[in-house]
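Both complexes shown next keep chain A, but they swap its partner, so chain B is in the first and chain C is in the second.
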Partner chain A sequence: MQRILVLLPIAVVLVIGGFFVWGLNPERDPNAIPSVLISKPVPVFDLAPIAGVDVPGLASGDLAAGEPVLVNVFASWCVPCRAEHKVLTRLAAQEGFPLFGINYKDKPEDAKAWLEELGNPYLRIGSDESGRSGLEWGISGVPESFLIDGTGTVIWRYVGPIVTEQAQDDLRRALAATRERAAS
Partner chain B sequence: MIPELGQFGLALALALAVVQSVVPMAGAARGNLVWMRSAQSTALGQLVFLALAFGALMWAFVVSDFTVRNVVENSNSLKPMLFKVAATWGSHEGSLLLWTLILALFGAGVAVFGTNIPHALRARTLSVQAWISVGFLTFMLFTSNPFERMLPPPVDGNDLNPLLQDIGLAMHPPLLYVGYVGFSIVFSFAVAALIEGRVDAAWARWVRPWTLAAWMSLTAGIALGSWWAYYELGWGGWWFWDPVENVSFMPWLLGTALLHSAIVTEKRGAFKSWTILLAILTFSLSLLGTFIVRSGLLTSVHAFAVDPERGIYILGLLGISIGGSLTLYAVRAPAMEGGGLFAPVSREGGLLINNLLLAVATGTVLFGTLYPLFLEAITGDKISVGPPFYNASFVPIMLPLVFVMGLGPFLTWKRADLKGVLQRLWLALALAAVAALVLWYLVTEGPVLAVLAFGLGIWLFVATAQEWASRIKLFRAPFSESLRRARNLPRASHGMTLAHLGLAVCIFGFVGSSAWKEDLIVFAEPGTEVQVAGFDLRLEGVEEVPGPNYTAFRATLVVSRDGEFLQNLYPERRNYPVARSQTTESAIRHSLAGDLYASIAEPASQTAGEAWTLRVLYEPLVNFIWLGSFMLVLGGALSLSDRRLRVGAPRRAKAPEMAQPAE
Partner chain C sequence: MRGLLAALLIALAGMAAAVEPDEILDDPALEARAREISKDIRCVVCQNEPIDSSNAGVARDLRLLIRERLVAGDSDDEVRQYLVDRYGDYVLFKPPFKPSTYALWLAPFVLLGLGSVAAGVALRRRSMRAGAEALNAEDEARVAELMARYDGDQSRKDD
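Moving on to the complex of A and B:
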């Protein structure tokens, strides 16, 4: 009995060591947070427009538009969203993709003031005052963006503001890949 | 020129370590005294050469020698001198150099002060220590050389991560490392004893001071680290169960168990193989920490830059040292047991429970830390394990431990009278129960566990104080008699009392600041007033102030209570242009009852005027954590200064207690 017992520590260490060897795989990025939605259809939702803002609301059906679209979750109370706003406005114009917004847990009047101040690059905005849709999308914070292909399937997801060169390149690459696949 | 000297020092230290890892071990096997004694000079030589290397690196930082890559990456000519010095150990390479320096320091310590240890055991211990040295010195020289040059040199450096430019953090790694790495010598003692095939009471006594020294530093290091997180990170918490925090906490938990089990081995000759196992595992967890922090295996807010090559090298080191020592243990341990028998209710029994609970707690933390990795490997899911897991698992394990801690010192060796002890402790029990009930009545909010934990804290405090009082017959004998008894009481005894009281004090802090904290986040403009925990705060304004290598926005907050002015608080948001990052400098109004803690962040919008994000927290009793930690360290120091640990250590019994010293 004791013979087996004294082997226990080394056995535990070997098992843990095995996981470590696996974990050191250079391909693995422990910081990446995958979305369970990737390669799945967008969740079912139907959001009314923001009161007083002159663009229509957003629903699941709008996302199977035949061309790739970017859905950006934003809020007026979110400081990084302000930095991202400029970049997204420019990218949408440069790359020519429709930009849709989900206004997350925001007061309509605040969102309206924010959009009036910064400009409105969004073609559609759904107002998610309760945060219910955010839950369906499984967002981990604001801002967060999803690239949807022409058939309403989630292709790519980015957590945090798309401001760094790397993030912008990531988006361009995902966009190019989506367009290529649609063309072939 | 000087960096080359440092490089030279590293190479020489490695050469000495190689010699030391072979010659004394062979000498001990053959009974060659000269070979055995060579370990003492080589251990000292290693220390000298590593100190030289460390000095050379520090010099490069002090004079801002930007031909050294490490200096370029971690320093800047504008940085205050204190942080230039501290940057020496701020990077992966520099901290590794500190690691090996401390390793050599403990080796040299045993070489110089271990005069009462038998030659063979000392020689073997130093050889094992040198094995570890060889591993880490080659790691440093081959994968992470701190003296690597950069030509042509840039004009200025990239600056150290501003979060690390803080006095708390300048001191935190050295202390933490002395603790972490200090357990290496205990590990070496254990492996040497396994090789020798002999563990007895004398062995435990030789090991104890080293364990205690390492444990003290680790305690101080962890406390400083949490203090740093508390006031520098600006999140208003002192412990986040982050993987990097956990890996420093696990050796502490197991080291605490080791301290206690070594007492049993020393006094009663029991728990031998358990003590050895703890010695091996404690250092293994230190190594694990080094591995996790430097390999990028888990996500953490404060991990070093990631490099898979380094990760594989350290994993190899881990495999050899941990795997090797545990295999040796599996071979030798079955022949070891025996020793004093004891009844379930006894001092030994109490310490056994202490050890079991601490080991289970360590296992829980280990599991929580590695669970995301396990899960990702098996199912591909990514999760993180946070405070709710630890509150639900770790805390309930620790609570019974606190109860036993109050009882333990009253129990006698071999067989104790539990009924008698509980009769003596009725006062402590009653006080704890009353305090918990009153608290429950006063604070209806918050978890029930908090009330229970607070009551147990009081129980521990009163019971410990009572044990000390009964030893010196306080109030039962004339005061002069008590004083004489207090003076005659061994310092280790005072040390234990102080450390146990310290833990009770810590518990008040843990509970108060986590269960009854008040938190408020508002958008504030000049003139905004908020109320938290009876304090009124008004934001006067925010101004821009320059610093040596940063610019800061400094807010002025007027704090008053019941209309009476108390003080101004000046939280800052600093911007470091060179390192391109920002830090939050919170402002804190300290008091024993609780801290009022304020921090600010960027205006919510540039056009919405001066609306800053203001965060105000009230953390009741939080300073008790650091007061208690200080008592823990001081208790350790008192115990370490006990003359019983220094002189007159027992000679080994003539007849070995084990069957045959295997060679």
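Moving on to the complex of A and C:
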């Protein structure tokens, strides 16, 4: 009994120390919200194209494309989306994945002007004027991006703009893993 | 006067909610249910605020969605499940009781139990020590004998 009591302070230190190691780990983001969509089929939605933009709309069926696709939720009023636009355009060309867009709570004319100004890297864009499809995807804001595998299953989600090296590497890694799984 | 104003402002602050007039349902019973559900749903933008008092756009959309589901005839639990299916348990301020949350719900009782056991052991030890300090019959007899001998010595000295 006495010997066990001697070990007690060490046990307490180990427990508290372990908590600190977990809690102070720079990789951990305490604000990260776990997505329930990961490993699940994409939500059911059907969005019309943006009026005046010559790419088709986006629906759930388009996402089982037989190859990984990236769905990016964006809006013309969203400043980080502007920063992300160039990076996504480059990544889509470099990595060779189709980029689809959901235009979240945007006026069609504003979205059209935004795409004309910055260029349109999206093969399909669904116009979600009411924001209802955004709720189906469980988004908390824009931009958000989802990587979907060839069968229409959500593989990876990123909240915020994909601009940092870390975010881009995350996407590349998820894409490589998805392609590898599809090949095997 | 100042105190009165302060009291009035405090009373008004309690009434503050983000629900806007155009969101409110015509049916007061449904509206009351919607308000009750919204109080327990976390705003995914502000994270520590219920959607009932959040001004974020997504919170407003979720409030409208809750009302839409209620009008469509969903029960309160069905509405909550609808939101959990999209946002996960995270949107609930009160997490459900299931294997992945056992630690969360049961840890306080486990800690209380451990504390009670520790306290019980400590108390028993103390009372056992107190018991050891009391004299048993044998000691009692020995003390009596020693005392008698001492008394005898004393009385002889007095002679």
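Just so it is clear, the second predicted complex is superposed on the first by the 154 of 184 C-alpha atoms of A that agree within 3 Å, B and C clash if a C-alpha of one lies under 4 Å from a C-alpha of the other, contacts with A are read in each partner's own complex, and residues count from 1 in each chain.
Note that in this section a contact is a pair of C-beta atoms (placed from the backbone, for glycine too) under 8 Å apart; a residue touches a chain by one contact, two chains touch by 3 or more.
Only a predicted model underlies this, so the values are computations on that prediction, with no experimental measurement involved.
Look at A:L7: by the touch rule set out above, it reaches chain B but stays clear of chain C. Put chain B and chain C next to each other and count what each touches on chain A; the higher total goes to B. Of the two partner chains placed around the shared chain by superposition, chain B is the only one that A:F20 touches, whereas chain C remains out of contact.
In the superposition on chain A, A:E117 makes contact with chain B only, not with chain C.
In the superposed model, A:W77 makes contact with chain B only, not with chain C.
By the touch criterion stated above, A:S140 is placed in contact with chain C alone, chain B being left untouched.
In the superposed model, A:G131 lies in contact with chain C only, and not with chain B. In the superposition on chain A, the residues of chain A touched by chain B in one structure and by chain C in the other are 31, 33-34.
By the touch criterion stated above, chain C contacts chain A in their complex at residues 44-45, 47, 57-58, 61-62, 65, 84-88, 90. Those residues of chain A that touch chain B in the shared complex are 2-3, 6-7, 9-10, 13-14, 16-17, 19-24, 26, 30-34, 76-77, 79, 82, 114, 117. The residues of chain B lying in touch with chain A in their complex are 273, 277, 280-281, 284, 291, 295-299, 308, 311-312, 315, 318-319, 322-323, 326-327, 329-330, 333-334, 337, 370, 373-374, 376-377, 382, 601-602, 604-607, 613.
Residues 31, 33-36, 43, 105, 131-132, 134-141 of chain A are the ones that touch chain C when the two sit in their complex.
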